[in-house]
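Since the structure comes first, as C-alpha cells, the remarks are kept for the end.
Labels run A, B, C and D following the written order; every chain starts at residue 1.
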Amino acid sequence: MLQYAALIPFFPLAGFIILGLLNKRLPKNLAAVIACGMLLISFGLALGMFMNISGQSQEVQLAPWINVGSFSASFTFLLDPLSSIFLMIITGVGFLIHVYSIGYMHDDEKHNIFFAYLNLFVFFMLVLVMASSYLLMFVGWEGVGLCSYLLIGFWFKNKAYNDAAKKAFIMNRIGDLGFLLGIILLFITFGSSDYHTIFTKANGFMSGDAMITTITLLLFVGAMGKSAQIPLYTWLPDAMAGPTPVSALIHAATMVTAGIYMVARSGILYALSPISMYVVALVGVVTAVFAATIALTQNDIKKVLAYSTVSQLGYMFLGLGVGAFSASVFHVMTHAFFKALLFLCAGSVIHGLAGEQDIRHMGGLRKKLPITFITFLIGTLAIAGIPPFAGFFSKDEILIHAYSSNKLFWALGMLGSMMTAFYMFRLLFLTFSGTYRGDSHKVHPHESPKVMTVPLIILAILSTIGGFVGVPESLGGTSQISKFLDPVFKPAQAKMMMVEGSGGVSEMMLMGITITVVLISIFAAWYMYVSRKSVPVSEGTKLPFFTKLSYHNFYVDEIYSALITKPLDKISELLKNIIENKVIDGVVNASGKVTEWVSGLMRFVQTGNVDFYLLAMVVGIALIIFLKLM
Amino acid sequence: MPIIALLIFTFATALIGLFIPIRYGNRFAFISSLIVFIYSLYLFCTFPITADFQYVVDYSWIQSLGIHFKVGMDGISVLLVMLTTFLTPLIIFSVRKSEPRPRAFYSLLLFMEMALIGVFVSMDGFLFYIFWEIALIPIYFICLLWGGKDRVRITLKFFIYTLTGSLFMLVGLIYLYLHTPGEHSFDIQALYTAGKSLSAHAQCILFWFFFLAFGIKMPIFPLHTWQPDTYSDAPTQGTMMLSGIMLKMGIYGLIRWMIPMLPVGLSQNAQYVMWLSIAGVLYAGIIAFTRKDMKRLLAYSSISHVGLIAAGIFAFNGQGLQGGIIQMLSHGINVVGLFFVVDIIQSRTGTRDIASLGGIRLKAPYLATVFAIIMLGAVALPLTDGFPGEFLLISGVFKFENIMGAVVGLTIIIGAVYMFRMYQRTILGETSLATENFTDLTAGEKAVLIPIVIMVILIGVCPNLFLKVSEPAILKLLGGI
Amino acid sequence: MGDLKTIPMDWYLLLSTILFSIGVMGVLFRRNAIIIFMSIELMLNAVNLLLVAFSAYHNDANGQVFVFFTMAVAAAEIAVGLAILVVVYRNTKSTDIDVLNRLKG
Amino acid sequence: MNTLIILSALGVVALFAEIFRFRKGLFPLILIGLAAAFFFTAKEYNHPQVFFGMMNFDNYAVIFSCAILIIAFLWFMMAKNYFLQETSVTDHFALILFSLVGAVVMVSFNNLTMLFLGIEILSVSVYVLAASDKTNVMSNESGFKYFLMGSFATGFLLFGITLIYGVTGSFDLTTIQHNLSTGRETYMALAGVLLLMIGLGFKSSLAPFHFWAPDVYEGAPTTVTTYMATVVKTAAFAAFYRLFSLCFWQLAAHWTDVLSWMVVLTLFIGNVSAVRQRSVKRMLAYSSVAHAGYIAIAIVAMSVPSTCAILYYTFTYSISSLSAFTILFIVSRHKGSKDISAFEGMSKANPLLSFTMTVAMLSLAGIPPTAGFFAKYYVFYTAINHGFTWLVLVAVLAALVGIYYYFRVIIAIYFKPEQQLVPIKVGPLHRTVLIITTILTLLFGLFPNLVLGWL
C-alpha cells in the first residue's frame, strides 16, 4: 500500500490541470465531481497509508530536481506517521470542504476555476507535508501561498479583496525569506536539506549550538508568516475576503498549520536550542492571548473565527515550545475538525442570509437553520474545551505541558482559553439566540442544501469524538496519537530531558481549573447576550478605550502602514527623483553638457583673423623652443 | 563548422531580407530565424557534456598581430546561443504588421542575432570585441528608427555610454595582449595566462576597465541610467533584444573573460563590486515600487534582477555561477514575455500607464493567466524558472558572506511587492475607460507567449536539463582560478 | 673663403636669427599683405645667409646649391601669393589682412 | 621614379591640352596615366632604387605612392564634373598632377633638399587650388590664409633644415643620422629637429599650428578640400614619419614629449570644436584635425608597428573622408547648403547616399567593422606597446566626443522627414566612387592585411 502513497498529491494536480485547461468547456457538475473525486481517491490512499504506516518511515524518490556540484535537491517524498496524519487531515477535511463548496459556489460563474484552484492548493499542501527535504517543503510552502493569494482574491473585481490577497502573499514572502535563509544555512551546515541527513548529523551537535539556534529561529520566522503569529499575523483576518470554504480549508484547517508542521518536523533541531524553544513558546502564547482579546469585540462572524484561529495557532506553538510536539499535532487535528466546522457553519449562515456577515444583523437563527445551529454549537463546545469534545483533550494536554515547563505560560494559556470560551459563545448567542435583527423583508434566512449540511454533520461528529484518540493516561486513556507519533518525536524528546507531566493528581486538578474557568466565562457570555440581550453597538458610536483598541485590532495595520509601507513609497520616490535623476543621471548628462559648453568656447578661439593665428603659432613655437632649450 | 554555418546563415538572411518583397518580409525573417533555432536546438541536444570547447574552428585572420577567427562552444556558450536563437524567432514573430519599413527592421534583428551569437562563441579577444561592438549598431538603429519621441537623445546617450565602457575594455584587451607570452596573440587561453601573470596592482586596474564595459552593458548600479530611458523609448522588439539577450553579453563577458583573466583583481575588488550589485538590487527594486509606466517598472526590475546575477557571479562559487547561468536564461525568457505582454496591452489600450489600466482579466482571461505565470517566474516562485536561479544565486552570495546573502535575499520580497502591485492594478479590479473593450490574445500572440510559458515551467521543474550542460565548463572555470 | 672663417660661426648664427626674428615680427605686427610678404622674404633670406655661412664653414657646396633652390621656391611662392592677393583685392578692394575673417568659429 | 616621370608628363600634357583643344580626351587620359603610374610604381615594390642619394624608392615610398595614386584616382573621378564647369579645367588638372609629383617626392625623399622641394611643389599648387574659385570671397580668403601661414611655416621649416645642416654638414638623411648619432652640438641639432617638427606639424595640422585648417578647408571648393584632407594629409604624415624615423629617432627622448603634448592638444581642440559645428564641411575640417592627432600618436610611439599604423590610418581615413566629402559635395550641390539640416530625412529617398554616408561616419568615428576602427585600434596598440597608455586613454575620451558629432549626421540622415523629399540624383562617376570607397572601407575593416601585408 505504501508504494501507492507517493501518488497521493498527483490526483489533485491532475484535477487542477483538467479543470484549468478545459475550464468553461466543462459543465459545472462534472467539474465539481472531478475535483471531489480526485480528493476522494487521495483520501483513500492516505487512509490506506495511515493504516499501514505503523511507525515506519520510508522515502520515495521520484525525480532529481536541482543538482549543482555537492548541492543537490530532488523530488522525494517521505512517508511516516507525522506526514500520514497530516495527509489524513488535508485529504479528509479537504474532501468534505470540496463537497461543501459544490453547494456554496454553485451560482458563481467562476465555479470551475474555483475548484481548479482548490485542487491546486491541495496538491501543494500535500507536497508540503510529504516532502522529504526542506527545499521541497519550500516548494509546497510557496505553492500554498500562491493558492491562498489566488483564492483570497478570487472575486478580483473588488479592490479590498485584491489588497487582502496581495497582503497575504507579501507577508508570507517576508516569512519565506527567513525560511529560505534557514534552508541555505542548513545546506551550508549540513551539506544537504534532506531531513534524514540533517537529523542524523544534528545528533552530533551540542545543545544550544549557535548555528542551530540561528537556523531554527530563521525557520521559525517562516512559520510565523505562514501560521500568522505575531508580528506577521495581520494578513489572516483580511484573508477572510476569500470565499468561506477557502477560509475553512486554507485559513483554518490546513495551510496555516504548515508552520506547526514545519517546527514539529524539525523538532530535533529545536530540541537542540532552548532559546528557540522559548521564543516559539513565548510568541505562541502571546499570540494566543493577544488574538483572543481582539476576537472579543469583532462583529464580523468570519473575523471572530479568524482571530480565534490565530489564537489557536498560538496554542499550538505554545505546545511546540514547551516540547509537547505530539500534543500540538493532536491539537492541529482537532482544530482542523472544529474550526473547519465552525467556518462552514458560518458559511452556511452567510449563505442563508444572502451574504450577510455582521452578527449585529443576525440573531434568532436557531429555528431557521437548525442543523447549522446544532453543528455550530458542537464546534463551539469543542473549541471552548468542554469535555468530552475534541478540543478539550488536545488543548488541555498542551496546557498541562505548559504548566510543567513554565507556570506563566500556563496562566496566560488559561486566560486565553477563558476568552476563547467567551467570544465563541458570544458569537453563538448573538447569531442563533434571541430574535432576528436583520431586515426580514429583504432577507429570508433558510437552511442550506444537503450537499452543504452533510459535511457539517460529519465534521460535527469528528469534533465530538475526534478527541478520544488522545485521551491522556490520567483519564484512564491510552493517548494513542502520541504513541503513534513517538517514532518521529522520540529523538527530539530524548534531546530535551524534559520533565514528563507533573503527576496525575495535579493533571486532574489543572483540568478542573480549566473547565471551571471556561464554564464561568460561558456563563458570563450567556448573562450578557442572552439574559441581558445586549447587542454590540453599531459603527461610529463612541466605544470605551479598551474595546476600541481591541475592535480596531490595536491599530496594528495602521502602525505597519505608517512605519513600513508609506515610508518605502516615499523612499522610492525620493530615490527616483533625487538620487537617480539629479545625482547619478545628472553626472552623466553633465559630461555631455560640459563638452558642448567648452566647444562653444573653442569657437571664440578660432577668430578668423590671420594675425591671431600667426601669433598663436609663434607663441607655440616660442614655448616649445624655450621649454626644450632653456 | 556548425558555428560558422550559424553565423553565415543568419548574416545571409539578414542581407537577403533587405531585398525580398515586403509582404514576404515577415514570413521570411521568421522562418529563417526558426531554422536557426531548430539547428541550434539540434546542436544543443547533441552537445557532449564535457568541459572543453566543441566545434572549434580557428582561421588565422590577421597574422601579423596573432589575431585569429577562432570560435567554439562550451557548456556556457551553447546555453546562451540557445537563448538567443530561441528568443529571436519569438521577437521577430511578435512584430506588428503595422511597423514602417518592415524589411529593414527584420534584417536588423537578424543581423543582431548574428552578432550576439558571435559574441557568445568567440574564443579570440579581438573577435569578441568586434562582435561586441557590431551588436551595438543594429540595436542603435532599431531604437533610432522605430523608437519613441525622445529617441534621438536617448539612443545617442545609450550608444556613447555603452561605447565608453567598450573602449576601456579595448584598452584593457590590448594591454593584456601585449603581455601574452611569446608571439603575442589574442587567443583566450593566452589572454588568461597573460592576465594571471600580471601584478596584483595591474590586475586591479584592468579589472575596473573591464568592469566598466560589462557593468554598463548589464547594467550594474550606478552605471544604469541609460537603461530605463532606452527600454521605455525603444520599440518593444528592441527592448526585448536589449533586455532579453543583449544584457546577457555583459554577464557572459564577466564569466568568460573578465574573471578568469583577472582572478586577483576579482579577489581584491569582490567586496566592492558585490556591494555595488547588491545596492543595485535594492535600489532598483525600491524605485520600481512607484513607477507609473509599465515598461519603466520592468526596466528597473530588470536592473534589480541583473544585480542579483552579478552578485552571484562575483561570489564566484559553484552555486553562484550556475545560478547565474540558469538565471540568465530564465530572466531572458521572463523579461521578453513581460515586455511582450506590455506591448500587447499598449497596442490595445494605447497606454502603459498603470493607473489608467485595470480589469483586463475580465476581458482577457488568457492574457491574465499567461501574464500571471510569467510574473510568477519573475518573482521566483518554486517550480517556475525564476526559483532555481535565485535560490542558487542567493546561496552563492550567502556562502561568500552571510550578511550579503541576507541583504540580497530581500529581493524575493521586493520583487513580489512591485510585481504584484503592477499585476493587481493593471489586470485585476474593475475595467477602466482604456480597457473597456479589451480583446483577448490573438492566435499570433498566443504563438509567442505559449512557448515562453512552457519554458517558464520547464526550467522551473527540471533545471538540471540546462545545469548539467554548463556544469563541466563551470567546474573547469573554478578549477582554472 | 679662408677669411670668412675668421668670423666665428656663432655670429652668423646670431645675425641670421635676429634677421629671422625681425621677419617674424614684421609678419606679426604689420597689417598690409604686401609688407607681410616682404617680411616673409626677409625670413627666408636670413635662412639663406645662414645656409651660405654653414656651407662655407663645412666646405660643402650643397648648402649653396640649396640656397638657389630656396630662392627659386621663394620666387614661386611670392608669385602665387601676389596672384591670390590680386584676386582678393578684386573682391575686397583692400590688402589689409584683417578684412579676411569671414571664415571663423 | 617612373611615377614622377609619368605624373610630370601628364601635367605638361594637361597644360598643353588647353592649347590643342584637347579637353574632352584629357580626363580619360589622366585616369589611364594614373593607372599606368600606379602600375609602374607597383613594379618597383621590393626593388628599392636610389637616385643620386636624393630619392630612395624603398618599399615605404612605393607603398605610400601607390596609396596616394589610388586616392588621387578616386579623387579625379569625384572632382571631374566640378572642374569641367570651370573655364580653366586643364590648369586645375595640371596643378593637381604637379602637386601629386610633390606628394610622391615627399614620400620618397632621401635628402632634405628633396623634402623641401616636395613640400613646396605640393603646397604652392594647393594654395592656388584653394583660391581657385576666383569670384568666391570665401575661396579667396581660404587660399590667402593658407598661403600666408604656409609660407610663414616654410620659413621655420627651412630654418630647421639649415640648423641640421649646420650641425651635420649634410642634407643627406643617412649622413645626418650618422653624424647626429655621434652627438655633436645637440642644442642646435635639437633646435633644428624641433623647428622641422613644427614645420611638418603645420602641414599635418597639429595644434597649435592647426588654425589654418578649419578656415581653409571650409573656404576652399569642396573638391579641393577633399584633396587637402586626403592626399595632402597622407603625404605630410608620410614625410613627417619618414624624416623622423630615418634621422631623428635617436633623439626621440627629446622630442616625443613635445609631440605628445601637441597630440593631446590636437585631439582636444579638434574633437571638442567639432561638436558645435552646424556646417558639415567645417565639422569634417575639425574632424580631420582630430584625426591628425590620432595619426601623430603613432609617430610619438615611434617603433616598428608605427609604419603600418600610419599607412593604414592615413589610407583608410582618406578613403572614408573621400566618400564623406563626395556625399557632402552632392548634397550641398542639390540643397545649396552645407548645413547639417541639408541631410535631414534623406534616408528614404536616397538609400545609397544614406548608407555610404553612414558607413563613412561610422568609419570616421571608429566603429567596427569599418576600417576606421582598426586604424584606431592599431594606433592604440602601437602606443600601448611603446608605453604611452596614458596617451591612449586621452585618445579614447576624444574618440567618445567624436561619436557625438559624427552621429549627429547619421541621426539627421535617418530623421523622419515631414514631407516626402525629392531624391537627389547621383552621377555614375560619383556612384562608382561611393560604392568603391564604401566597399574598401568595409573590406579593409574586416581584412586589414590587405593593407598591412605590404609593409
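Observations on the structure shown:
As a convention for this text, contacts are C-beta pairs under 8 Å (C-beta built on N, C-alpha and C of every residue); 3 or more make two chains touch, one makes a residue touch a chain.
Here the structure is a predicted model, which is why all the values come from computation and not from measurement.
The fewest steps needed to get from chain B to chain C, moving only between touching chains, is 2.
Steps from chain C to chain D, minimised over paths through touching chains, total 1. In terms of C-beta pairs in contact, the better-connected of the chain pairs A-B and A-C is A-B.
Chain centres defined as mean CA positions place B nearest to the mean of all protein CA atoms.
Chain geometry summary: the mean Cα position of chain A and that of chain B are 38 Å apart.
As a whole-number value, the distance joining the C-alpha centres of chain A and chain C reads 99 Å. Chain D has its Cα centroid 43 Å from the Cα centroid of chain B. Between the Cα centres of chain A and chain D there is a gap of 79 Å. Touching of two or more other chains is recorded for residues 24, 27, 97, 100, 102-105 of chain C.
Contact with two or more other chains is made by residues 144-145, 148, 152, 214-215, 404 of chain D.
Residue positions of chain B touching 2 or more other chains: 160.
Contacts between chains, counted with the stated touch criterion, involve the pairs A-B, A-C, A-D, B-D, C-D. Touching chain C in their complex are the following residues of chain A: 603, 606-611, 614-615, 618.
Chain D meets chain A in the complex at residues 144-145, 148-149, 152-153, 156, 187, 190-191, 194-195, 198, 202, 208-209, 211-212, 214-215, 254-255, 258, 269, 272-276, 401, 404.
Those residues of chain B whose C-beta lies close enough to touch chain D in the complex are 61-65, 129-130, 133-134, 136-137, 141, 144-145, 152, 156, 159-160, 163-164, 167-168, 170-171, 174-175, 177-178. On the side of chain C, the complex with chain A involves touching residues 24, 27-28, 31, 97-98, 100-105.
Residues 63-71, 135, 138-139, 142-143, 146, 149, 153, 156-157, 159, 162-163, 166, 169-170, 173-174, 176-177, 180-181, 184-185, 187-188, 568-569, 571-573, 575-576, 579-580, 584-585, 588-589, 592 of chain A touch chain B in their complex.
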